[in-house]
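What follows is chain A paired twice: with chain B in the first complex and chain C in the second.
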Partner chain A sequence: MEEIFVGFMNLGIKQIIMFLIGGILIYLAIEKDYEPMLLLPIGFSTILVNLPLSSVLEYEGAPGVLRILFDAGIATELFPVLIFVGVGAMIDFTPLFVNPSMIFFGAAAQFGIFATIVLCILLGIDDLKLAASIGIIGAADGPTAIFVASKFAREYLGPITVAAYSYMSLVPLVQPPVIRALTTKKERMIRMDYKDVKVSRTVKILFPIFITIISGIMAPISVPLVGLLMFGNLIRECGVLERLSKAAQNELSNIVTILLGITIGSTMTADAFLKTTTLLILLAGLAAFIFDTAGGVIFVKILNLFRKNKINPMVGAAGISAFPMSSRVIQRMATKEDPTNFILMQAVSANVAGQLGSIIAGGIILSLVPLLVG
Partner chain B sequence: MFGNLVGSSTLSKSLFLLVVGLAGVFSVLILFYILIRVLLKAFPEKGNGQGND
Partner chain C sequence: MDLAGTLTIVGMVVVFAALIILALAISLLGKAININKNAIAEKAASNAIKTDIVNTGAANTQSQISNQDDKELIAVITAAIMASMKGSSDFKIRVKSFRRIPDNSPEWNIAGKLTTINANIIR
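The block that comes next holds the complex of A and B.
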């Protein structure tokens, strides 16, 4: 008789809390449309791994299905790296070629990553690898956050991923108050000229190849990140691999996203998740997005001190990697101040630069932190 | 350079990471900027005007 109720007998309050957390993630995915492709599988997997005596992680001493997926796809970093092929195939760098100087905003808006690392240390995390894994939430780039966290803080992969994707979808709520606090109405109304420039196919083909070589030489550890992103982009731009480009954008991305989500959720066991560090990760992740936005805006304001043709400081905030949400938010704010002001293309250029900047920042962290930790 | 820092406090290391990391991102993106400029100059699309930079 006892065997029938063995599940009930092993059910604790922690498991019930995790069911609620899984349910909240599923609710946010379905009802609020917050990054549903990742949050829904993570939410469901959270329920799966917290079921009493669940066999998805381990069964009679042998690894269960989610453990096998974890060992094959996360421990080896295969899943996040494959996602980069798909992301690369989706990125169109043309807006950046049209406004090359916007690339610097993609660098300035990575301030949040590094500032958050310092913040984490000040808040008592005495582990630079964990602090770096939390700071990388500010990359506003899910796969980069997963890649870095899977190397430096695998036990916190779940909360870091949830924070990264949740705040990415909350960009329309997080960025506007920060931008408004740092700019005047006059600054938000600054107009910027835009001329459409056609970019040759040769440039689009050579760009990913040269970027891979430069990044590979400067930060060899970033090659899996940058290299496969640029491989995906080359497939897209070469013009002779349309089928593969579409496969990378759709089939590959979709399959890996399903596996990635459900596997990351498998790290959300009650013992691993219900810690004060998890709360800190969620709070510091929000701080990272705020610092990113502030970094981009303040950088443009400093530039404007020396420029005749002023740049709208809001464009600096689009230098984060959350594409295309951030550029849309900036345009919406510009339209609110002046319905005839159109800065979307400049914001998109900065946003595309942010996608490059976040990956480079991830590569630099992967290179520097092990040297500093010793 | 890193030898001296390995024994220092975690806060010092994080501040070093802030300065060097951000400088590193800017340095790499400056290289990318130069690359884009060179590529656009070397392989212009026929019938283009000038960009707005």
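The block that comes next holds the complex of A and C.
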């Protein structure tokens, strides 16, 4: 008789809270359109793994389907790396070639990653690896956050991924108040010249190869990250692999996204999720995005002290990796101040630089943290 | 705390250094390729001058584009062709002349087309 009610007997308040959290994630994905591709599978998987005696994780001593997927796809870093091939095939680096100087803003806006690491240590997280995994939320780049967290803090992969993707969706709400607090109306109205430069196909083809070699030499551990991103980009730009490029952008990305979402959700068990650290991760993630925005804006303001042709400081905030949300937000803010001011192209260049910057920052964290921890 | 500070300083310096190297690499790559292209373009230009001299007679028969309106129209046509090629920088085209085709459509068809165009503009 007991066996019939075994499910009820193993159902606790913690599991019910996790069902609610899963439900909230599904609600946010469907109703609010917050990164539905990731949040919906994660939300559903949260419910799956918190069912009593969840057989998707383990069944009669043998690993369940989600545990098998986790071991094969996340523990080996296969899924995030495959996602990078798709992302590479989707990124068009042309805006970066048109405005190479915008690349600096892509670096400045990575400040949030490092500032958040310091913040986490100040808040009492002793483990630098965990602090770095939380800080990487500031990369505003889901796959990079997953990649770093799966290496350094596997048990917190769920909350870190949820925070990274949620705040990426919330960029239109997070960035404007920070930018307004740090800039004057006059600064937000600065106009910038735009020169349309034609970029040759040879440059577009050589670029991913160059980047792979340079980053491979500077940070060897970042090769799976940068190398496969650039492989995707080379497929896109070479012009002779259109079918493969489309497959990477659509079929590969879609299949891996399904598996990635549901597998990451499998780490959201009540015991692992309902901790104070989770709350800290969610708050620190928000701080990371605020620091990113502030870093980019302040960097431009410092540059403007020495420049004759002033740069609109809002462009600095577009140096985060959330593409194209961030550049759109910046243009909307510029239009609000002056309907005839167009800084979209400069913001897009900074935004693309941010995509590159975040991956490089991820690679550097992967190289440096083990060296520092020893 | 010391470790986090070191990570922040070294991390930001390395991120900047890596991206500065990339910016330089992009600029150099662009310049190197432009130098090559300019050399090729110069050769092509000198060949074009030769053929122009040969074809002067034929060129006179083509309609001459002189006034400002036509130049604007040529710019628009060029832009439309480029847009239909999805802005690919691999094709270099130059519209030299154009000829109006008389519109023999019935009046009602023309009125219908105008309504559609105006509706789109308003939207």
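In the analysis below, the second predicted complex is superposed on the first by the 374 of 374 C-alpha atoms of A that agree within 3 Å, B and C clash if a C-alpha of one lies under 4 Å from a C-alpha of the other, contacts with A are read in each partner's own complex, and residues count from 1 in each chain.
In the analysis below, contacts are C-beta pairs under 8 Å (C-beta built on N, C-alpha and C of every residue); 3 or more make two chains touch, one makes a residue touch a chain.
Owing to the predicted nature of the structure, the values given are computational and were not obtained by experimental measurement.
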Next item on the list: Examine A:Asp193 and indicate which partner it touches, taking first as chain B and second as chain C; both and neither are also allowed.
Entry: first
Check: So, does A:Ala334 touch the first partner chain B, the second partner chain C, both, or neither?
Finding: neither
Next item on the list: Mind working out whether A:Gln110 is in touch with chain B, chain C, both or neither, as first, second, both or neither?
Entry: both
Note to self: By the touch definition at the top of the document, which applies to A:Leu96: first (chain B), second (chain C), both, or neither?
What the structure shows: both
Check: What residues on chain A does chain C touch that chain B touches too?
Finding: 96-97, 100-101, 103-104, 106-108, 110-111, 113-115, 117-118, 120-122, 128, 131-132, 197-200, 202-203, 206-207, 210-211, 214-215, 218-219, 353, 356-357, 360-361, 364-365, 368-369, 372-373
Next item on the list: Could you please specify the touching residues of chain A with respect to chain C in the complex?
Entry: 96-97, 100-101, 103-104, 106-108, 110-111, 113-115, 117-118, 120-122, 128, 131-132, 197-203, 206-207, 210-211, 214-215, 218-219, 353, 356-357, 360-361, 364-365, 368-369, 372-373
Margin query: Which stretch or stretches of chain C touch chain A in the complex?
Written below: 1, 3-8, 10-12, 14-16, 18-23, 25-27, 29-30, 33-34, 37, 89-90
Checklist line | Residues of chain A defined as touching chain B within the complex | finding: 96-101, 103-104, 106-108, 110-111, 113-115, 117-118, 120-122, 126-128, 131-132, 192-195, 197-200, 202-203, 206-207, 210-211, 214-215, 218-219, 353, 356-357, 360-361, 364-365, 368-369, 371-374
Check: Contact residues on chain B for chain A in the complex?
Finding: 2, 5-6, 10-11, 13-18, 20-22, 24-26, 28-33, 35-37, 39-40, 43-45, 47-53
